Amino acid sequence: MSKLSLGSMKGRSALSPFLNYAIVIVAFIALQVAIGMDAMSNSMQSLLVPVCCYIVMAISLNLTVGVLGELSLGHGGFMSLGAFSGIIVSIALKNLVPLSPLRLAIALVVGAIFGAIGGVIVGVPVLRLRGDYLAIVTLAFGEIIKNVMQVLYIGVDEHGLHMSTSEAGLLLSENGTAIVKGPMGAVGVTKLASFTAGFILILITLVIVQNLVHSRAGRAIQALRDNRIAAESIGISATKYKLMAFVTSAALAGAAGALYGLNYSSTLASKFDFNTSILVLVFVVLGGLGSIRGSIIAAAVLTVLPELLRNFDVKEYRMLIYAIVLILVMLVTNNPTIWGWISRFQRRKAEEKGEAEQ
Amino acid sequence: MTFLSHLITGLSLGSIYAIIALGYTMVYGIAKMLNFAHGDVIMVGAYVCFFAVTSYQLPAILAVPLAMVVCTILGIVIERLAYKPLRQAPSLAVLITAIGVSYFLQNSAQILWTASPKSFPNLFVFGGQNSFSLFGGQLNISYVAIATVLACIVIMLALTWFTKSTKLGKAMRACSEDKAAAQLMGINVNFTISMTFAIGSALAAVAGVLMCSAYSYLLPTTGSLPGIKAFTAAVFGGIGSIPGAFLGGVLLGLIETFTKAYISTDLSDAVVFAVLIVVLLAKPAGLLGRYVPEKV
Amino acid sequence: MSKFQKDPVKLVPVPSTNKIPERDIDKSPILECRHLGIDFGGLSAVKDFNMAIGRTEIAGLIGPNGAGKTTVFNLLTKVYQPTRGTILLDGMDTNSMSTVQVNKAGIARTFQNIRLFNNLTVEDNVKLGLHNQVRYNMWSGILRLPQYWKSEKQSHERAMELLSLFDMGYLAQFKAGNLPYGAQRRLEIVRALATNPSLLLLDEPAAGMNPSETAELMETIVKIRDTFGIAILLIEHDMNLVMGICEGIAVLNFGQIIAKGTPDEIKNDPVVIEAYLGKKKEA
């Protein structure tokens, strides 16, 4: 094979990560300008924080599915852990930390920690399972979290946190408040989340994930995806790096969950169910496995698009259209004929470039 | 006596899971895909049966086969249109497509038949009664429970015989091990896969009718949770294994029912899934599955 | 094969029944297997495997298909845990070690069916071999601390050095999966060497190569031994390669060693001829 024909097969360019930062920053500025000029409807503005959350969810799931190559169907579970722990902390610290951006930051960190703990609990025993078995266990984990959160009552008073399976069982003092009320979810939440906070969270996520991927640990994670047996034969511990990717991913999902939870005055546990996990997985797959930029774009477009459709007469058919688009995109992008065209086009471009250089 | 009645409820719920799981396991065994649309085929089967019985006044004996035929065709069509073009594609693409099909069926049902719940008539009524009493009225057993358990056992035995002894069944087993080799031996792989989907979907229709008869409640989303649980059951028993799906389904039903009865109604799902995780950790290929280590 | 007219090496016994090249005798053998065996559900895939390899020996493991050669590699690298016997690597018992630990202790290998990290670049494949040579922790990587830049520079330089040693420097930025077959085989060897092993296991390195490529490979293998001063154990069906560069050869049949010795001894051993060609009909 000559050097020339390998032209289009080179690895990704080193500029790629910076382009992602640029896209996010430009988008943030443009949207801020649009808000300032009153060019955005309220319903669109209300989508800004959720879009940020879903972008973080998608990037973090991409770390598990695209970079590590393990299918997870329970990403919503980590989001749930982060949301509820973040909400509880933000309410519990109401008097202690009056500064709301600081309280939000603490809530996000706590959400990330709880997400990470969840990641360790699931990851340690489960990562030795392979393929679809891992997928089904993560699915089971997500359902367990949802189910448990629907039963749990959590409240806070001057003695600290109280936990029970009924509101009466909380035994709160007069000044206490019940934060999580079982099937009614978390209530009485002060909305701390803002678009700026979401923007910063995306940037942090990008720094963590992109720098991780392009480092020694990230290479090891990708090596495990490509060939576990070979990776172990050159001294790379499968457990350590699988867990590292899985827990990082869970922690970021936890932070995204905390931001999401603090964007609404009440949050139901059923919000973070199997369908949410699937939704995020769809972002990742449609955006392209391992492609951070793809995840960002897919998450943003697919969160906004159904809302846009709401404004048209197709309201009833909204989800139906979504389903058909999903199937068609999968059929088209995996069609060998179309891939044949694309690679022929790329080759021609590479050849033209080669000729130009000569 | 309450224990016995819980046992019967558990067995009948478990049998429904088992019937769905059998379809799941066959499709997984041959297509190596998580067919998330399987649960929604159940729902379609139940709706067809519902309208056949209520709007067209068909007797149950005709309505059930009609539902099976419709689901069989639906299964084949789904496979041909959505899954067959993706046979060479990465498994994640197929998974997402299956999810797309699932959304499609749910939302079509919602548009066609509205989101309001339908009250499903019990098809298993004999002499005006839908259950009979034992021990002087201390134990009530519904006919639908009996029918479910019997149907499940019959289906399991028939499938075991079918895959072991018939030409098509053997072709299915061959395809599930190595499609390319099966093709070289003259097996029509596409036809075999279509037939697997057909059988799985017919079973889904049966499960849908039985489930809705027992719980007399029908929604466009009726199929999704039982679908997921049945899949859990299939994994629990060892996916790809017919006796495994049966065992997994029945155990799952029993665990769920007894948790509801003796531990907590609200936490039954959590307990079911927790048991699944524990089983998989102890036996990574499920109860009856075979663990095949990767060859170096 | 004229290029490899090498001086015949005399094998001398080490304190056991095993033999190693004379020049390595003042040092203990790098690898010693004693009564190694593994059962797969009642079937003994390898039984009573005894072998010693000198510090700078090129040793060969040959035998008919299904004789258990790759299984021996899998035992040495702990892909399978042996049912019986001891493996001494540089005098150290590897009994309780995992694949990862065995590699850290000094065994690196290639695979019969090439196992590269296909979606990563050639350079990254080699850098992964350097994983335990150039270290920094996850946070240095995420926060891009000075340690990150220093170590990345170091591993880049080392990787390029190794690659250019095998004339693969110009391929550094290509995806490993897109390389031609021969280059993939070479890359697997470079990656294994990057882990700084004292024993390199090559599983059918010449498989699928034409005679001129094989000749080049023989040169490469001898060069590896001379440059790195390490021992090499290879499985190969190409007898020109085995007889051309191996100093000690062990012949495996039905999981058991049936002959050991220098190439000349093996060539003329009636038991080996029988294993390969079948028994002569008794007249």
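Going by the order they are written in, the chains are A, B and C; count residues from 1 in each one.
FYI, a residue touches a chain if its C-beta (ideal position, glycine included) is under 8 Å from a C-beta of that chain, and two chains touch if they have at least 3 such contacts.
Treat the numbers as computed from the prediction; the structure is a model and nothing was measured.
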Quick check on this structure: which chain has its C-alpha centroid closest to the centroid of all protein C-alpha atoms? A
With centres defined by CA atoms only, which chain is the most remote from chain C? B
Centroid distance [mean C-alpha coordinates] between chain C and chain A, Å: 43
How many angstrom lie between the centres of chain B and chain C, each centre taken as the mean Cα position? 51
Quick one: report the Å distance separating chain A from chain B, using the average Cα coordinate of each chain. 32
Where chain B touches two or more other chains at once, the residues are 296
Two-or-more-chain contact residues of chain A, please, as numbers and ranges. 229
Going by the touch rule set out above, which residues of chain C reach two or more other chains? 79, 111
Chain B residues touching chain A - in the complex, by the definition given at the top: 34, 82, 85-86, 88-90, 92-97, 99-104, 106-108, 110-111, 228, 231-232, 235, 239, 264, 266-267, 269-270, 273-274, 276-277, 280-281, 284-285, 294, 296
Within their complex, state which residues of chain A touch chain B. 65, 71, 125-126, 128-130, 132-133, 135-137, 139-141, 143-144, 147-148, 150-151, 165, 183, 228-229, 274, 278, 281-282, 285-286, 289, 316-317, 319-320, 322-324, 326-327, 330-331, 333-336
Residue numbers on chain A that touch chain C, as the complex places them: 1, 3, 6, 9-11, 207-208, 211-212, 214-220, 222-223, 225-227, 229-238, 244, 290
Seen from chain C, its contact residues with chain A in the complex are 77, 79, 98-100, 103-104, 108-109, 111, 115-121, 124, 127-129, 131-132, 134-138, 140-144, 148, 151-152, 155, 170, 173-175, 178-180, 191-192, 194-195
